[in-house]
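Chain naming follows the written order as A, B and C, and within any one chain the residues start at number 1.
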Amino acid sequence: MTHLSLAEINGYLRQLGEGALITLELFLTSFALAFVMGVFIALATLSRGRIVTAAWRIYASIFMGVPSLLVIFLVYYGGSAMLIGLFGAWGRSIDVSPFGAGVAALSIVYAAYIAELVRGAIDNLPKGQFEAARALALPRGVLWGKVILPQAMRLALPGLVNVWSFMLKETPLVSLAGLQDLVASAKIAAGATKEPFIFFIATALLFIAFSGLTLKLAMRLEKRLDRGQNRDEAPASEVAA
Amino acid sequence: MTGLPIDLTLARDSLPALLVGLRTTVFVVALSLLFGLALAFPICFARMSKLRFPALMAETFVVFFRGAPVLILLYLVYYGFGQIDALRNGPLWILFGSAWGCAIVALSLNHAAYMTEILRGSLLAVPRGIVEASEALGVSQRNIFLHVKMPLAIRYGLKAYQNEVVSFIKGTAVVSVVTITDLAAVANGIFEETYDPFTPILCAAALYWAFVNLVRIGFDLWGRWLDRHKMDRERAPVPVLQNVPTRGRLLRQIGRVRGRVL
Amino acid sequence: MSALTSMPPAPLAVPADVAIALTGVEKRYGTHRALAGIDLAVGRGERIVICGPSGSGKSTLIRCINGLERHDGGRIVVNGIELTSEDGTVQDVRQEVGMVFQHFNLFPHLNALENCMLAPRLNRGLSRAQAETLAMKHLERVHLADHVRKYPGRLSGGQQQRVAIARALCMEPRILLFDEPTSALDPEWSTRCSASWRNWRRAV
């Protein structure tokens, strides 16, 4: 590091910081989108006809069986053509950026995993929950929003945490489509300064620290949700009220 | 929509090149799975050791190589180790001097870190009483490991191992960044020549899909063969690691073990 | 105590007709004294039952005799071999002592025959055929000849226990320890099993 001036170090650090923000933005946007899509797919495909289930199976099999990198390339290279195909001339005006392609690809892929988790969780809820809600004549929206989904999310939480940390580790792939994210900035800095160890290890540690931190939060959330569940279970006589 | 976005002529013409790429991918996968697994055993023993220093070292290894994205590991090994002058003249240069060596090292370390945790979880799932019964029969520790602990651990950890192998295969698509022309790299090359955004990528995706599902079927058959004794579910030992996404309690345990996705 | 451990232990004079000899055996878990100065001598051919409320240390005592638990004080001599902190002695003792566990602890991935063959093959280096002959002999003795290819998961509790007994007998031990052998069985089975032990004792 001796041959680097303070100003240079500052410059690289700023670049890394900007890259880190882009990575974070990409990751959070993709995860949020994947989550919404996943829950929606789960609800849309649960206990439906054979055609819907088959379509879901194909979707899941494709995106769980293909590298995310290829999906990113496909959306990035073919995105414009797909948009034109879908929306005609209006699609031509939309520019496919690496960021947009990354968000689209990652959320499509991980929506499949999240949908699988949520479906499993809903399947696993006691059937009595549905019957009790029906006996109380709860409207469909309340049944799903207030009764089924909150419980299903608790069951799916460990799996979601899993998806979260795995997806985080795949966001750097978007840099291969040209996104100037954390990893791309680290690569530039490593090449220019001839200090690959410092920059790559620092980048790796940033990823590890972020996922470790969020994992702790998730565990705390898990505990909080469990506490709530135990309190609900205790006064069994209050169910009528 | 103008029908299929796939140019069938191009698909047919590029198939031989794609198959060569697939062969490279299979090589990369096979070698890293082998070395990764071989490495996972000593690291797992260190991780489970009662001595504090080896256990801490092994844990650090797992946290780093599991927590870091594969892309960064590849960069780190490829660009990083090439910088060390001491390595240039040493015997290890055969490994770190070539793109292949670097790719295999980086991927093996990543796989080893995951396998260490899977192995540990599976070994810990072996009921204490079964081990005691073997001890009471006077079986040596080495034989207990080989004939009792490992056969059971394989059964408990098989599903997690399958998931890890499947996502590992998909993860190897990044090795092109260190100039290895695997399946993804070949597809990318055809795109750059033809500017057909769909045909090469979709063909490569189909080949990956087939590879992954072949592996999955292989694991399923293996699992079914191992489970031939488990006809009565009630008395079978609790398969802690078994991945049954529809069972909430198990799902939670899988979450604890934190393998790759699912 | 320190005097005892620092000196090379003098061979304990145990009469040849005593199979198990315990003198002043201690076992502590933290501050809890599970065994406090146990003296016991079991003669050859003798059958004894140790009774007591749960938590009184019955299991601990049995587990100390074949070295599953290390005793903290006193001396244990089994078949003339003293259990010391050296690993070798524990292995030697275990060759002479068979044990049937409360929950049987059969190997779930091996069938009844293979459960019985494992230890003779690994410890005594018997060939597959020799081990199979030996295992069949003991499985027939506990009336399980028809079930030898079944996996533990397919056997009833009583059958599992008899496999566990056969498995222990296959090492041809001179001492057999039972840890609460009937508590995992329903009453009907436990009556039947006690009967079968009596028969077995007669057959030896």
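We take it that a residue touches a chain if its C-beta (ideal position, glycine included) is under 8 Å from a C-beta of that chain, and two chains touch if they have at least 3 such contacts.
What you are looking at is a predicted structure, and each value in this text was computed from that prediction instead of being measured.
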item	value
Chain nearest the overall C-alpha centroid of the shown protein atoms	B
Of B-C and A-B, whichever chain pair has more C-beta contact pairs	A-B
Centroid-based (C-alpha) most distant chain relative to chain B	C
Cα-centroid distance, chain A relative to chain C, in whole angstrom	55
Computed distance of Cα centres, chain C from chain B, in Å	42
Between chain A and chain B, centroid-to-centroid distance (C-alpha), Å	22
Residues of chain B defined as touching chain C within the complex	127, 129-130, 132-140, 143, 147-148, 151-152, 155, 226, 229-237
Residue ranges of chain B in contact with chain A within the complex	1-2, 5, 63-64, 67-73, 75-76, 79-80, 83, 166-167, 170-174, 177, 184, 187-188, 191, 197-198, 201-202, 204-205, 208-209, 212-213, 245-248, 251-252, 254-256, 258-262
Complex contacts: residues of chain A adjacent to chain B	61-62, 65-71, 73-74, 77-78, 81, 85, 113, 116-117, 120-121, 123-124, 155-159, 161-163, 165-166, 168-173, 175-176, 183, 186-187, 190-191, 194, 196-197, 200-201, 203-204, 207-208, 211-212
Residue ranges of chain C in contact with chain B within the complex	66-68, 91, 94-95, 97-99, 101, 103, 105-111, 118-119, 122-123, 151-154, 164, 167-168, 171
